[in-house]
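I have a structure here, written as structure tokens, and I will follow up with some questions on it.
Just so it is clear, A, B, C and D label the chains in written order, and each chain counts residues from 1 on its own.
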Amino acid sequence: ACGSGGSSEQGGSDNSFKTAMVTDTGGIDDKSFNQSAWEGLTQFGEDNGLKEDAGYSYLQSNSASDYVTNLNRLVQSNTDLIFGIGFKLAEDIGTVADQHKDTHFAIVDSVVDKENVASIVFEEQQGSFLAGVAAAMKSESGKIGFVGGEESELIKKFEAGYVAGAKSVNKDIEVDVQYAGSFGAPDKGKLIASNMYNSGVDVIYHSAGGTGNGVFAQAKDLKNNDPEGNYWVIGVDRDQYEEGQIGDNNVTLTSMLKAVDVAVADIAQQSKDGKFPGGEIVSYGLKDDGINIAETNKDAYSEDIKAAVNEWKQKLIDGDVTAPSTDAELQEYQDSL
Amino acid sequence: MFSSTKFNFIIPIISVVLGLAAGAIIMLIFGYNPILGYQALWNGVFDSGFFMSETVNRITPYILTGLAIAFAFRTGLFNIGAEGQVLVGWIASVWVGTAIDAPTVIHLPLALLAAAAAGAFWAFIPGILKAKLGVHEVIVSIMMNYVALHLTNYLIRDVMTDNSESTEQVKQTASLTNDFLIGLTGSRLHLGFIVALFMVLVMWVILERTKLGYELKAVGYNQHASNYAGMKVGRNIVISMVISGLFAGLAGAMQGLGSFGTAFTNTAFSNLGFDGIAVALLGGNNPFGVILSASLFGFLKVGALNMSTAGVPNEIIEIVIALIILFVASGFIIRWALLQLKKGERK
Amino acid sequence: MLDILYSLIPQTLFFAAPLIFTALGGVYSERSGVINIGLEGLMVIGAFAAVTFNLLYANALGTMTPWISLLVAMVASAVFSLLLAIPAITFRADQTVTGVAINMLALGFGVFMIKQIFNKGQTEFISEPIYTKDVPGLVDIPVIGEMFFNNMYITSYIAIAFSFVAWYVLFKTPFGLRIRAVGEHPMAADTNGIKVYTTRYIAVIISGALAGIGGGVFAMTISLNFSVSTIAGQGFMAIAAVIFGKWNPLGAMGAALFFGFAQSLSVVGSSIPLLENVPQVYLLIAPYVLTILALAGFIGRSVAPKASGVPYVKGSR
Amino acid sequence: MENYVIEMLNIRKEFPGIVANDNITLQVKKGEIHALLGENGAGKSTLMNVLFGLYQPEKGEIRVDGKQVEINDPNVANRLGIGMVHQHFMLIDTFTVAQNIVLGSEPKKGLKIDMKKAVREVQELSDRYGLQVDATAKISDISVGMQQRVEILKTLYRGANVVILDEPTAVLTPQEIKELIVILRTLVKEGKSIILITHKLKEIMEVCDRCTVIRKGQGIGTVEVSETNPNDLASLMVGREIHFSTDKKAAEPKETILSIEGLTVQDSRHVDMVKSLDLDIRAGEIVGIAGVDGNGQTELIEAITGLRKKSAGKVTLKNQDITNMPVRAITESGVGHIPQDRHKLGLVLDFSVGENIVLQTYYKKTYAKGGILSFKRIFDKAKALIKEYDVRTPSHLTKARALSGGNQQKAIIGREIDRNPDLLIAAQPTRGLDVGAIEFIHKRLIEQRDQGKAVLLVSFELDEILNVSDRIAVMFDGKIIATVDPKETNEQELGLLMAGSKLEKEGAHN
């Protein structure tokens, strides 16, 4: 939206569709779901010949206090469908949706049970499961790691899926799980990664936002000193192949892809077509490409890994296995192995 | 000649003008239209009653953290720990607000009290360590901020909820929101501003009218003389920190019982406490000055959200705020320049 | 046990390096009588400058990039620190306020510029970070070599070397004596013919330069990119280190190392079987609680340079 | 044409709202000791700060060795051979003597300060002028007298030809003053010229050649000291007659008010400073404690008033044991205390005069009801005391910081006396004050005695002790080694006693 000039013109032609999103504090270039959501919205706009700012736009939040203000700003400028990106907006979407029953809302990564709100959730545990499969296949030491940002319900889905996936391949594999306590502490991330790699872990899956930067930094540094060594990172949300590049090597084994863009574009389209899934929980998983696993790193992500992952992917899609998303489910799953 | 009270008003006004002007220049340099930008800023607040009330909601906690810092400064201490005190106050208010059933007359005051007490306790620790062991309050407060951040996150996830990112809404009996105000503005405008304004009076009365305030200031200015006059220096340092923390804790309650009605996990600091430093100093550490500077902060922060509609990145406003603070702080040079101008006129 | 040390020590060192640089800057500034709450902002500028330069010139400069980036970071923050120096020294502004403003300004400016240059709110990863190296020769010393010279950031050594240099300059040279004089009793210094303002300017600029290096090192060894949250509290930790270290360069270094040690200990701790069932939160807050305990237990009273925080007005008493 | 080293002609210096120096002329001859005399606030320090380059004059001309110069920086003054020992020492507590002296012109070895050379040079210089300083000692560890000599060394190290001393003797003991006078004479012999500011007319008579008097910012004139006397100087300075020896009736001591038995007190380094000391003070008498600084006087007072812990002994006030009472309880049980260091202990400088007036009583019912202060009552009291004690201040709302030392002292004395204490402790009550103010304060102390109060006066000024006290207790090494009647003793005898020699006439007892 930060092109030049031109404030959002109010109204326009009455029947033209108008949609917008409110970011959480990450902003539209957070290399994570805000960015992805904005890409989805842009795609949707382009597909439908809408103009940025007039047809589709975003408002940036700098703090939690900004959500309500931004949501209302969009309501007041007659936006038909408003996306709240991230579970942090759930509470406020709920409140605002109650006050403006004629406006449609959608919340990403959370559930808000209101008639005029569509809840978009992802089956991260499925993608994480596959990440676990890949990690276990790749690991030579029999030790892999998981670095989480904060120990929240959402991130637990990543952890549980990952552990389950890994154990499915190698029942005895050791998974070192650590939380940094923050999504914005690369120094802590690096400490944890350093500690894990030191203790023999050779693949780390991170779900830790900016903290993950430290994981990449550590892996790349080790790789630089020891190009033959096994220091792998599994990225999250988007394809983090770029982040893993170091000279001619790349430490990004794969990434768990979460297609927020697909979901956002999808819901926007439905809404424009008069099929807004209000009050529903719309879940995106492996089967509808809402969740996926990257195959960019051709060198590292070998054919046998690919084969194994695809095999498990099919099982998950077919419902032969269900990826666990909580500690309890994980326990149950492990016991069943 | 200007009297010094006149200067106290003129300097902030000139600083705001200079800050906005500098912001305009930066916008021009980078090819944005400052007129549209500032128009959007203005409209961001004054477009409708809704945004004005949101602005008031925003100002409320700023007033309280501003008071917290100002109070400490006035008594010779630097409470850089307001950030953590806000967090613990916030969660304490929500805890009482969700866990207890009681009529409003009891529930709401109790929740506010809990916030104040939590903030006060969080400030008590650096206070007592300074008083008893001479440990610098700044460093302990910085550490306490991090402890508060991690601890409140933990409490929300593992104690107050079952692994959820935010607590339930506080019960209506503990809420600062008010149906009448909500009906009037459609916003979550809550009664917290009354609490904040009341605390402004409280701070003023304590500092300017009470025995306690007299002692606290005396200790802040000169510990030796206070000791000579029979005051208990250590005790006063602790009391000072506790009162300061109490204000900050209440700022947390404004969020917990008012603007949000819940407590949620935080990835990073809210910056209410750090911004409070600027609010306090911009307001000359005077309780009434704090109202004005908090208002300016709230206005700029809310207005800034609308600037993207004019295509202007809202970091511009951060820059403007920072420059305003720099100009106010450099009041001496503005005063000097004004006096030179006056002199020039006379000649 | 030795295993733990093998990982604790290098981790402590890389974690501490940015803090050491920045805290040394803080020591210089405060020793000269200017409180520097703006260290955080100066680190932000350092990180911003290092990352931006690194991204823009990596192709042209190759492996030299990180070192030149570090110089650029140093210069950028030194220049930026004038925004603290001019109000705080010449215009007699309250130093704390000015520092707070610097923090806001740096963050606003950094992100704004990133948006102008790269058209997005956070940068890509730099392609030429600083890498760890073995120290040839020394790494082969049994035990010690593995602990201190294996896979180490040269910046960690530089940080430690700087601490000693900073100590030497502050306590052994005329310049250091003058800085300390100006921070203790500016009027006495003035009557001795020392230029109080100039000395304070130099000290603040030094603090800017060092904090810039600190930010640059952080960005190029740890975060590898720049965003609004790259520097999140490190500057404040550096302030804590300054006070913890009693305004002594070696003390500040010790404090920074202590922070690094406490942090790595909390990370290592979670993989020690004994501590496995301890709730995560205790390990998260452990480094901070440890610091408070250390202060309360055996560090105790620290007395700031007497004139710290007081603008010097010639001729007043 | 006379041969002047320094000429300050028609100097005018203004501060906001006040003309501190109005057309003052000062001419100093080579090799003379030139006194500068004036009441508190007359403008002496200001004039010297102008000469030293700390202030720029609005008008006037300065000549050094006949050449007109512009001194806009202390550096320039140094280069012109002008050195200044300030009223408030310009020393850095945490530095050593040598560091303080070489600061700004340090000898170097490579990049490093050549500390060995610095110490050697300082030591040599010190020996040459008989200054006896230890170059390696830390400033915070040495006596005030030694600190002053360090200040003098600083000027000499920079090659000063003219040394300005701003009230050097105000902070010195008689012994130290004697030593200083010797030093000054040595300096003159070496060809230096000296400008000496002092309120003590005796000193002027003793060492100075000429004296310039200023009053309320204006130059009154310069006199040859050999052609004048203290009385004339005093009236020149104040503009009225001054009575030196205080007239007072004989004391009529009554019941014992304060009784100290076996008191032992340690200083902050845990050294016994007061050693098993006994002392009684009775109603209606002034007991003066004579002694060289550092013999436990400060610790004694701090112990009586509760500011310092006692390691042994008993203190009784009007038959009430106050030994272990906290400060406030002691104050309330009837002790008034005019502290030695008025800036550190006596006043909160950033409080208004009015607020300072109630520093000891703000919490009492009269001023505070239910925790709320009545500023009307506080300020009424302040206004009354300001009037009664002639505190010269623009208003009771003025910050105490802005008052001159004399007026600050008057405010403290008013405050303490107004509380009507049974025991009034006055520590160095007239330090740094002009003769007018001294006269005023002495009168008040005697007035208290006449009203039946017990007064404990601690002073390093033998004049003051001899004039004001009814009984003199000589303190040496933490003990009272003799008690003498002021009418039956003299300065010589006191001086000997203070140096620790035993009294021969009688056994020392109370």
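Methods note: a contact is a pair of C-beta atoms (placed from the backbone, for glycine too) under 8 Å apart; a residue touches a chain by one contact, two chains touch by 3 or more.
Per UniProt, the chains are B, C = Nucleoside ABC transporter membrane protein; D = Nucleoside ABC transporter ATP-binding protein.
The structure presented is a predicted model; accordingly, all values stated were derived computationally and were not measured.
When the partners of chain A are compared with those of chain C, the chains appearing in both lists are B. Chains joined by the most contact pairs: B-C. Taking the mean of the C-alpha atoms as each chain's centre, chain B and chain D sit 46 Å apart.
Each chain gets a centre from the mean of its Cα atoms; for chain B and chain C, those two points are 28 Å apart.
Taking the mean of the C-alpha atoms as each chain's centre, chain A and chain D sit 75 Å apart. Distance between chain C and chain D, defined via averaged C-alpha coordinates, is recorded as 46 Å.
Shown for chain B are the residues that touch two or more other chains, namely 150, 153, 268, 313.
Under the contact definition stated at the top, the residues of chain C that touch 2 or more other chains are 115, 229, 232, 280-281, 284. Contacting chain pairs in the structure are A-B, A-C, B-C, B-D, C-D.
Across the interface of their complex, chain D is touched by residues 172-174, 177-178, 180-181, 184-185, 187-194, 306, 314-315, 317 of chain C. On chain A, the positions that touch chain B within their shared complex are 1-8, 25, 53, 58-66, 68-70, 72-73, 76, 87-88, 90-91, 95, 99, 149-154, 156, 181-184, 209. Contact residues of chain C toward chain B in the complex are 83, 87, 90-94, 96-98, 100-105, 107-109, 111-112, 115-116, 229, 232-233, 236-237, 239-240, 243-244, 279-281, 284-285, 288-289, 291-292, 295-296, 299-302, 304. Those residues of chain D whose C-beta lies close enough to touch chain B in the complex are 305, 307, 326-329, 331, 337, 339, 344-351, 355, 359-360, 362-363, 368, 371-373, 375. Listing the residues of chain C that touch chain A in their complex gives 6-7, 10-11, 14-15, 115, 119-122, 124-125, 127, 129, 131-134, 151, 218, 221-225, 227-230, 232, 234, 263-264, 267-268, 270-271, 280-281, 284.
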